[in-house]
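My questions all concern the structure below.
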Amino acid sequence: MSVAVDGRVQAPFGAREARVVARERHGAYTVLRCADPAGPRPQAGQFYMLRAAERWGGGADERPYLPRAFSVLRAPAESDELLFLVEDVGPGTEQLCALHEGARLAIVGPLGVGFAAPRDGRTALLVGGGVGIAPLALWQDQLGEDTVPLLGFRDGDHAAGAALLAEPKIATDDGSAGHRGLVTELLVRELDERSHVEVYACGPPPMLEAVRALCAERAVPAQLALESGMACGYGACFGCVVQTTGGYVRLCVDGPVIDAALLPTALTPGAGH
Amino acid sequence: MTPIDFCGIELAHPIINASGTFDAVAARRAFGDELLARFPFAAFVSKTVTLAPRQGNPAPRLWELPAGLMNSIGLPNKGLEGYLAHDLPELARLPVPLIVNVMGFSREEVTRLVSAFAQRDEVAALELNVSCPNVETGLVMGADPDEVARLLSVVRPLTGKPLIVKLTPNASDVPAVAMAAEREGANAVALINTIRGMALHPRTGAPWLGGTTGGVSGPAVRAIALAQVRSVSEAVAIPVIGMGGVSHGRHAAELIAAGASLVAVGTESFRDPAAGARIAAELGAAARPPRLSGQDILSLRG
Amino acid sequence: MTPIDFCGIELAHPIINASGTFDAVAARRAFGDELLARFPFAAFVSKTVTLAPRQGNPAPRLWELPAGLMNSIGLPNKGLEGYLAHDLPELARLPVPLIVNVMGFSREEVTRLVSAFAQRDEVAALELNVSCPNVETGLVMGADPDEVARLLSVVRPLTGKPLIVKLTPNASDVPAVAMAAEREGANAVALINTIRGMALHPRTGAPWLGGTTGGVSGPAVRAIALAQVRSVSEAVAIPVIGMGGVSHGRHAAELIAAGASLVAVGTESFRDPAAGARIAAELGAAARPPRLSGQDILSLRG
Amino acid sequence: MSVAVDGRVQAPFGAREARVVARERHGAYTVLRCADPAGPRPQAGQFYMLRAAERWGGGADERPYLPRAFSVLRAPAESDELLFLVEDVGPGTEQLCALHEGARLAIVGPLGVGFAAPRDGRTALLVGGGVGIAPLALWQDQLGEDTVPLLGFRDGDHAAGAALLAEPKIATDDGSAGHRGLVTELLVRELDERSHVEVYACGPPPMLEAVRALCAERAVPAQLALESGMACGYGACFGCVVQTTGGYVRLCVDGPVIDAALLPTALTPGAGH
């Protein structure tokens, strides 16, 4: 598997076919298990552009048209399978969640830069909100050693997704599972107890912004997996920019994982969540 | 496919990229050397270069449409100096001829841009963007035949390289603008650029795009592009580069039947980075619709 | 929904039909009295009437597009005399106000058309079609502010009824045309008409449409329509009738947020004859996006 | 069931929902059996505008968008069922042929004017080509008494559709079933044998034109069910016109059944078949 200088796993050129081999429901989420014989094993935090190979479109407002970006949830080392965690929030995810076993996908990936290893042996705190837990699951698989997953969800139905990570601590807005409240409250507790840690976070912009501010305040290194509206996923359209201390960067090629220190804010406009 | 001659430039096939829809440098990072081994276009057109560096428009910059896309990218680029220093050396290593697309906010700016590339061996041709709907002057200049004629009369003498004028579709009489460009020495025209559009935030009702309005592209504009390419092809004798919603070789064949010499692929590359190669293959395979007969063409006139 | 006032005409809701996309007489034959009992529009706009009868363009007249339709109908109609004799009496029995859309190939023709309806109590308002892309003069007249100003200066004095100018989107500066119409006394403007497009026969490569080119409508033009409605609404103080790709109350709400007073439904009625009623209901239910704030509007200017 | 003056069964106003209760394959054709509780019983020769209620679109060239016109194949008097015979020739029919039992359709109809009874007790000769046999099946059901179906098909796979009518005489281009040759050759034979007949024909334009010419030559009354590209189906768009001796008429409201005597030609441009 080819790793480029900047640590990204490069993608085969062009959209290729992948088949849905299984579809599993986890509460509010759908897990698509796909066979990708032609692709490399991705790095945690990288993403793929997905679309149904047949009849992609015809949904609400006659969409979708463009492919959609999805983090890798899991990529078993010894197989050619890729798992994606999908939440139905609009016409594209609705169609993907409705795909049956055997359905063909057109995929491009892995794309972007994934997570970097914890600096000088720090413990990895994995902070996930909602569907943002996806890249953290693969990161937990790849880090192997001890990681502390802190996962926040709207309600019990969404909290079902927590089972996708090992030994998570859970928070739900409505208290239906784990701590009643925000996942950032769990993070505060951990930061009070541990010092030699690095934070890896993915979730809705408000959560990521809270994590960023918290880590900045306590001088804790953090890597944030952001979202923004994407058309191409490989740097062609200049549409996915986010503001950094160094100006706009294209999230699809310079991210989606960005060092929190480079972000004035994690509140990305139009990310859609 | 047999190689074709475009303004003295030899191309392996008639499919090129639409400016601003493919960044060969970024794509190299994402796909590695396989990009060069399987480069999808017969020529590479770079994203619009302006004199000064530009950050581009604030996010969000994209809005999906029924069978289309609307963007308000706002021409982010490193500016002329940055392009010459960083991009040109990399793009010169591509396996295909390089066409540099430039845009100036005044004739003076365009003059400086064209002069800067006039003597560059790495550059096969220049494309003048007078049509970007995200920048005021682009809209104005490209919609007015006299403006375009004045611009060309100034920059034509500056270079022997082929000059391609990229037309805006947001005009009452696009063929008139094309004829003005031809009269003043343009070697080719390219169309269509994106069509001005707008979207509102689903919840707030405020404009969604950071640039307030945007440019529509993709299959949604295909029939509009075909009509404009057809009318421009009948108005000028210089080659026409047709584009707008091409997602299959069949659509490229239609633009060629309507008079285009080359076909550019834009938005479809976002769905598949290798779309250009697929479309070129489909075009080669396609039984092309014959060029329209004189009678068909007459039936259009008057 | 509370009734609204449009140029002194009381309407039950803001949804009307787009001219040429609903024939109440034919629909009555197909659906019987249920059409009248559940009439989907707050006002009825008749298809363009010309002075002389017209057969319309040869078939085929339709071509389906991605999320859209292209037509080259060519304004078939019975002509002024036929309309007065056969259609007007039937349309006068509709449960809603009648707006008659007219088009002339010269100012004289328009004068005769407007005069003929000036004193008709059955007619609530007149719509001047200066924009049909299938007829040469429509394109030219509607694209030029002076032409439109001259036309209105001639016909404005002929009637006290509200005059609505139906604008063409195939123009460099649509707001300028709207401002010319307002200056010369138009009571409202309506937009967008169809956008010029073309299709080729899949097998022969000859133009598919009997009229060679056609007009694009439907969801494919929605974002383009929204941008034009927005810019025209900011340029004029008279009411704007917005249309183009409306298939849901949400889209009507967006046009209203962009400045439209009424919204017309066209192509969507082909998918569902009762679409107008559904859209009006959705609009009433929708939490409408608020009208754009002054700041948003400023951000558009200059 | 309300019958308007001009003999058409009027349609309820607006698109309504109908469910696919069964899908059957007959060689190259698909029969969609739909439940239409809210609609009246149609007249043979009338048609409906159909589209899938969900995700209509996303096929080749991002189509279909508009509904599609289909003759009624069968409308059992004692039920609320409507049967349609569909041949997959493009994105719309492809999607309809792929619908499963339980799928929801948006339908408008019955539309247009159907067949009129044979003049002064003539025998009805039903001449069908390919998918054009559809309206003839319902006409055979409605006429009850003796009718003579003459059906032409491309090949054996299409000839499977012949089983949808009672006691048909068959012709196939490749001779794989019945007479090798054109259905119009069967018609010539019948016309040679019988005089007091009326012809009802539906099929591809070249076949209809041959039937028209033949009947004109022999002064045999004929009613032709034509096709043309339609957007609305109820007279709203003026797109479906065909040329008659009286000028253009809208096929959806003044047809689709037209007296052959009014047609200079049955070769309708852009009909698509």
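Per-chain numbering from 1; labels A, B, C and D assigned in written order.
Assume a residue touches a chain if its C-beta (ideal position, glycine included) is under 8 Å from a C-beta of that chain, and two chains touch if they have at least 3 such contacts.
Bear in mind the structure is a predicted one, so any value in this text is a computation, not a measurement.
Peer 1: Show which chains lie in contact with subunit B and also with subunit C.
Peer 2: Of all the chains present, those in contact with both subunit B and subunit C are A, D.
Peer 1: Strictly by the touch rule at the top, which chains does subunit A share as contacts with subunit C?
Peer 2: Chains touching both subunit A and subunit C: B, D.
Peer 1: How many angstrom lie between the CA centroids of subunit A and subunit B, rounded to a whole number?
Peer 2: Here the centre of subunit B sits 35 Å away from the centre of subunit A.
Peer 1: Taking the mean of the CA coordinates per chain, how far is subunit B from subunit D in Å?
Peer 2: 47
Peer 1: Report the inter-centroid distance (CA atoms only) between subunit A and subunit D in whole Å.
Peer 2: 53
Peer 1: So which stretches of subunit D touch two or more other chains?
Peer 2: Residues 57, 61-62, 65 of subunit D touch two or more partner chains.
Peer 1: Could you tell me which residues belong to subunit B and also touch two or more other chains?
Peer 2: 63, 65-68, 219
Peer 1: Classify the inter-chain contact topology: is it line, ring, star, complete, or other?
Peer 2: complete
Peer 1: In their shared complex, at which residues does subunit C touch subunit D?
Peer 2: 20-23, 25-27, 29-32, 34-35, 38, 47, 55-56, 58-62, 64-69, 71, 73, 76, 208, 210, 218-219, 267, 269-274, 277
Peer 1: Please output the residues of subunit D touching subunit B within their complex, sorted ascending.
Peer 2: Residue list for subunit D touching subunit B: 61-62.
Peer 1: So in the complex, which bits of subunit C are touching subunit A?
Peer 2: Contact set of subunit C toward subunit A: 67, 219, 248.
Peer 1: Provide the residue numbers of subunit D that touch subunit C in the complex, in ascending order.
Peer 2: Against subunit C, subunit D makes touches at 2, 4, 6, 8, 10-15, 51, 57, 61-67, 106, 108, 111, 228-232, 234-243, 247-248, 250, 253, 268-270.
Peer 1: Where on subunit A is subunit D touching in the complex?
Peer 2: Residue list for subunit A touching subunit D: 55-59, 62, 65, 95.
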